[in-house]
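Think of it as A, B, C and D in the order they're written, each chain with its own count starting at 1.
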Amino acid sequence: MTKKIERLDYPIKTLPNGDTQNLRVFRMRGSAEGPKVYLQASVHGAEVQGNAVIFELMSFFSKHDFKGSITFVPLANPQALHHKSGTFTQGRFNPQTGNNWNRNYTDITECSHFNVEEFIENHKENITTFFKEYIYRSLEQEKVNLSKRGLSEDKGLNIILQELAAPADIMLDLHTGPVATRYLYAAEYAKDKVKDLPFPFTLFIPNEFAGAMDEACFIPWVKLQEEYQRRGEDFQIPIESYTVELGSEEVISMSEAKKDAARILHFFSQRGIIADTDLEDVFLPKTEQIAAKLIDYKTYYAPKGALVEYLAKPGDFIQEGQPLYQLLNFSELNHQDDLEKCLKEVVAEEDCYIINHNPSAVIMEGTGLYQVMRNTFEL
Amino acid sequence: MTKKIERLDYPIKTLPNGDTQNLRVFRMRGSAEGPKVYLQASVHGAEVQGNAVIFELMSFFSKHDFKGSITFVPLANPQALHHKSGTFTQGRFNPQTGNNWNRNYTDITECSHFNVEEFIENHKENITTFFKEYIYRSLEQEKVNLSKRGLSEDKGLNIILQELAAPADIMLDLHTGPVATRYLYAAEYAKDKVKDLPFPFTLFIPNEFAGAMDEACFIPWVKLQEEYQRRGEDFQIPIESYTVELGSEEVISMSEAKKDAARILHFFSQRGIIADTDLEDVFLPKTEQIAAKLIDYKTYYAPKGALVEYLAKPGDFIQEGQPLYQLLNFSELNHQDDLEKCLKEVVAEEDCYIINHNPSAVIMEGTGLYQVMRNTFEL
Amino acid sequence: MTKKIERLDYPIKTLPNGDTQNLRVFRMRGSAEGPKVYLQASVHGAEVQGNAVIFELMSFFSKHDFKGSITFVPLANPQALHHKSGTFTQGRFNPQTGNNWNRNYTDITECSHFNVEEFIENHKENITTFFKEYIYRSLEQEKVNLSKRGLSEDKGLNIILQELAAPADIMLDLHTGPVATRYLYAAEYAKDKVKDLPFPFTLFIPNEFAGAMDEACFIPWVKLQEEYQRRGEDFQIPIESYTVELGSEEVISMSEAKKDAARILHFFSQRGIIADTDLEDVFLPKTEQIAAKLIDYKTYYAPKGALVEYLAKPGDFIQEGQPLYQLLNFSELNHQDDLEKCLKEVVAEEDCYIINHNPSAVIMEGTGLYQVMRNTFEL
Amino acid sequence: MTKKIERLDYPIKTLPNGDTQNLRVFRMRGSAEGPKVYLQASVHGAEVQGNAVIFELMSFFSKHDFKGSITFVPLANPQALHHKSGTFTQGRFNPQTGNNWNRNYTDITECSHFNVEEFIENHKENITTFFKEYIYRSLEQEKVNLSKRGLSEDKGLNIILQELAAPADIMLDLHTGPVATRYLYAAEYAKDKVKDLPFPFTLFIPNEFAGAMDEACFIPWVKLQEEYQRRGEDFQIPIESYTVELGSEEVISMSEAKKDAARILHFFSQRGIIADTDLEDVFLPKTEQIAAKLIDYKTYYAPKGALVEYLAKPGDFIQEGQPLYQLLNFSELNHQDDLEKCLKEVVAEEDCYIINHNPSAVIMEGTGLYQVMRNTFEL
């Protein structure tokens, strides 16, 4: 039984003083063939719970045999982790460019050297294996193309992460919301599979590319499937790629990490990576799985600048007309009879589940306060 | 019975586009003579609970008569409130200069035109009233002196706030900690009085000026007392000035604000501002008052860069050797036997009460994590 | 002869303390009918030279008659102007979201209630006038649609600016580069017209929407033209919309503003807004107009973290192999023979004109350093 | 003849992902005994010209023999160098705490274990050598004392730098102003020596500690001298410690670095470190040395929020009443006759030399704009 952890350090970039930023990539291999799994955490610097989950999973796999291999990339974006402004971590976007670190991935299908028609012509068997290699080689080529006058900081890290994930059958990109419940993003292609990953909320996004890691991983396979369909041939997408939101930013909790890991281990057992018997000591929280479409994922913005008390909590079900939050504002106070105007409750426009809210009580007019799911259904 | 709220708007400064930042100052007057009270909140922009408390107090005083007058300055530092970086508010220091907004006040006793000896020579009665006026006029003079080549942004707001507070017998500067319990700063001169302000923790600071509002308010009176003592005369400091820390930053809670207001109202009843009978409907949380000296207020800094889970909670009593926090770090992980090295518990160096901790799980080596009180005593 | 300036103040949003941010919009009307002109400056907060140019133009038009009307919106983004971090202004992106302030405009042609086919069916004459109104009403409708749960800060200001510009025949969005020469962005539809706006460099972009103001203004007209073409009818786009880059960020120069204004006044005289004779006292710098396509606008990224000295200056023509910049880095210095490795010159990959460079000497690997035009041609 | 460069890497701190920040310290030794020199650059992250000067000096000393030894610490504050917000470097203060990186040094004479009286009792000869050792050991002890609950980030780097400089006879801390001429800070103890360091402007500060490196280096010697004087004994301070401001932030220029190095080499030749003959090929700019006392170093703050054009240039002499800058502001513009109110010139309050100005055209009311020297005299 092999359980060894292999560590590979990847230099990402050099800094103004000559120091190097590094990724620490850990690989564990099971004793039998099986799916290749890839997990990364903290591409957004303040979203750190995924690292605790990676630690729990590594601990589990160091004690139990499994099939296939798992690649762990904790703390996947050092630059984002290190960027503080005051006591908090601003790790969501590149502080130089404003570009969201999870919108810089490459849609390899849009690169001129990537051609699914040609690929299908040239490959009649072992499609999964060959297509993974094709994706990897295309990313390598794109990196060369992009590097002629230097590779941009916004592309540099992300293309390395895409290459690391290219061989994976299962890719989990571990994020968190601001103040949030646990939920995941799944694209339409995976709608019958995501039930096996038992987090309380699932948001269905289209099979499209908008810059994120999960999309970058599935989009080549979606395009491959489309080309097969155009040819009248059937092709099942063999990979799965999800963004998983593990609660709130700026927090790690090892006890919550055990529960998060249990959900993921349950998923792995469904994919044959681990045996059910190995899960006997793993407590899986009982979970009703609520889902909605992206079009039913709605944001409430502040109607005016104020202080805000968040009344509805992540995970809550709120009926239309029930209070979401209240605003405290002294600008209309001129007389004691105005006191009641200082405190104003704002209610839900629709029946909905609270997914997350802003972590700050100090808001401008137009600041995003709540994100909710409406028209939900059970998986 | 008079209960009217008077509003005065103070322009603080003009902005690059020509807009003006404004303070909204509210004044309520009781039907009889009595102490002058001054409360301000949010000089640090993320520390906002004080505004909710001001709202609760204004609501109380709009329904009950009282003696004296109360000046409320909610949202006292607009610039600090508005400065965001990512989802959070960096409102602790001027983003241009780095200067802590609560270290820019003026020690008027150090100004060449302020002279307690001269004041004592010239005033033999009504000392309190005349000295308040002297402080106010000295601040006005200092503002003129400082303004010859323009008044610096770091001084501008703070000297306005000092002038507003100059007539006060009681000054409460409402702040919060990062993630914190409720506590207050009291200087030595007030050591027998602070018992009347029943917050769970009190930190005793010296009768010295280090730039903060509470110090700026009491230091002229301390110097006046010293001069009387030098002359062999007795003089009791007639004013009180405290910094009150109302829990955690980035949060308002109206239900907590009722409790905070109850503690302050109890204090006001002790000073004869309100009648005990008016407090019948006000629930005062039962509070043991723990105190320590500034020298026993200790900060724990991160021994290395890592993710941190805060185990000890604000308000907790922790014994020497008990765990404070644990660090998660993958840098020493090269082999499965190293897994346990990834998670490292750090313990308290002494018996202590936890006052506050850093709000972020993402820390550099040397980041301040916990502040604790040791060698505590009961008031 | 009418020369009066009309001022209209637009509240944009309220701030956490209740203050309001305001736009100051100035309108001047000529004594005869003529084109409607719209100019705005400083949507990016550090890019301020356009305001000096607006001042020069207002001064000119207060002394000379003209045809039509001109709307000036200086300091068009107060939030962006006010956001400092250290001594400099970070006004390029929303500090909460990272969203580039000039990528948040609305492509009204993508909104479900906007339909060019229907418009053409319903309007057979006065197309320009009616289509401007249609655009305006569609923006109003979109604002209502977006506001159901509050209007996001990222959309709020920009949709107001679009509405202000909707009636314009000529729209100039005044920006600057980082450290830059003067250049403008013109889309393909205007390729025969832009010659009349004599700035030294012109970048041709496609007739497409990528979020910017100039695109938001021309895209409805491009779609209208396409629909006419589909019907086999001819339609000339009657409006012009350009982004103009007036040198470097963080700088105003009134003497340069006179030259910038002269170029714009020359353009206005070509459009019949002012008489040639009124330009007798206006000095127009002699300008060779160099242009390139967007595909030939190339960015050089730093090959490693270092300090950088920018050798090639904005406006320079650099031949392939000539030095662009040099990097200073001590990380490879272990022995005195390594000294020459500390300083490394980097050369141009192609013959090109230097358009702008990064304003900082302190760079990460992957930081954008230079933007250049290659394969240039004269207008 | 020995000219070898010795490199020593100092780890400063670990980061959240486990990476380490490092100092690269370079040491060169001459073939004969002589003064120990210490130079550091970029404790403020945007102030980088000193690194270019260090490179020039290393190049010079690799070709010429000298007496003594020189320690170079380029890029002395990696954290400060790496902190970007938008295109610029905010490297002046710790982004977590706001603490100015050049105000965190330790006044070792205030530490309880440091006692000059005791030192004098115990040492009757070789005072310089023993006192340097005493300072170093005291810093080591202080580091231990400060580290009981972890060493704060604000203290960590600075105490390492103090230890590196402890053996030095000459300490130069290389900074820059914002947009600035070249000038240096010299304390009163060095008033007869600083003439040998021929920069155009010198600011005399008191022999006091305010947190900066130059002060941290000289204050123990000042206290030692004071104690000798109290004993009626003469003691000449054998060390020199200066802060040197090399022009503007965010800029390196290798050609200017040659001139800066020439000034420093001239100083070294005056101290017997290099022979005059070695300076034959070094061009020393002819320099009149203007000086003023700190009390005559005055800051002009913006009288209102506006855009600013800086008219007076660093190094200029400006007479009372001559223009310093002009403000552009549209807030008072309601009518065409108001146009002239938009542009307002501000003049000097006194005859003065311009030392530096703010690098941004976008200013709040109260932003520091200019720093000037008045009541100047020649050295």
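The rule we apply is simple: a residue touches a chain if its C-beta (ideal position, glycine included) is under 8 Å from a C-beta of that chain, and two chains touch if they have at least 3 such contacts.
Treat the numbers as computed from the prediction; the structure is a model and nothing was measured.
Chain centres here are C-alpha means, and the one lying farthest from subunit C is B. The chain pair with more C-beta contacts between its two chains, of A-B and A-C, is A-B. If each chain is reduced to the centroid of its CA atoms, subunit B and subunit C end up 46 Å from each other.
The distance from the centre of subunit A to the centre of subunit B, with each centre set as the mean of the Cα atoms, comes to 40 Å. Our note on geometry: subunit A versus subunit C, Cα centroid distance of 35 Å, whole angstroms. Annotation for subunit A: residues 15-19, 24, 75, 81-82, 84-87, 92-93, 96, 307, 330-331, 362, 364 touch two or more other chains. Considering their complex, residues 15-22, 24, 75, 78, 81-87, 95-96 of subunit D touch subunit A. If you check the complex, the residues on subunit A that touch subunit C are 13-19, 79, 85, 92-94, 96-100, 148-156, 298-307, 329-331, 349, 362-369. Against subunit B, the residues of subunit A that register as touching in their complex are 3-5, 7, 24, 26, 45-46, 48, 51-52, 55, 58-59, 62, 74-75, 81-82, 84-93, 178, 249-254, 307-309, 326, 328, 330-331, 333-336, 338-339, 342-343, 358-362, 364.
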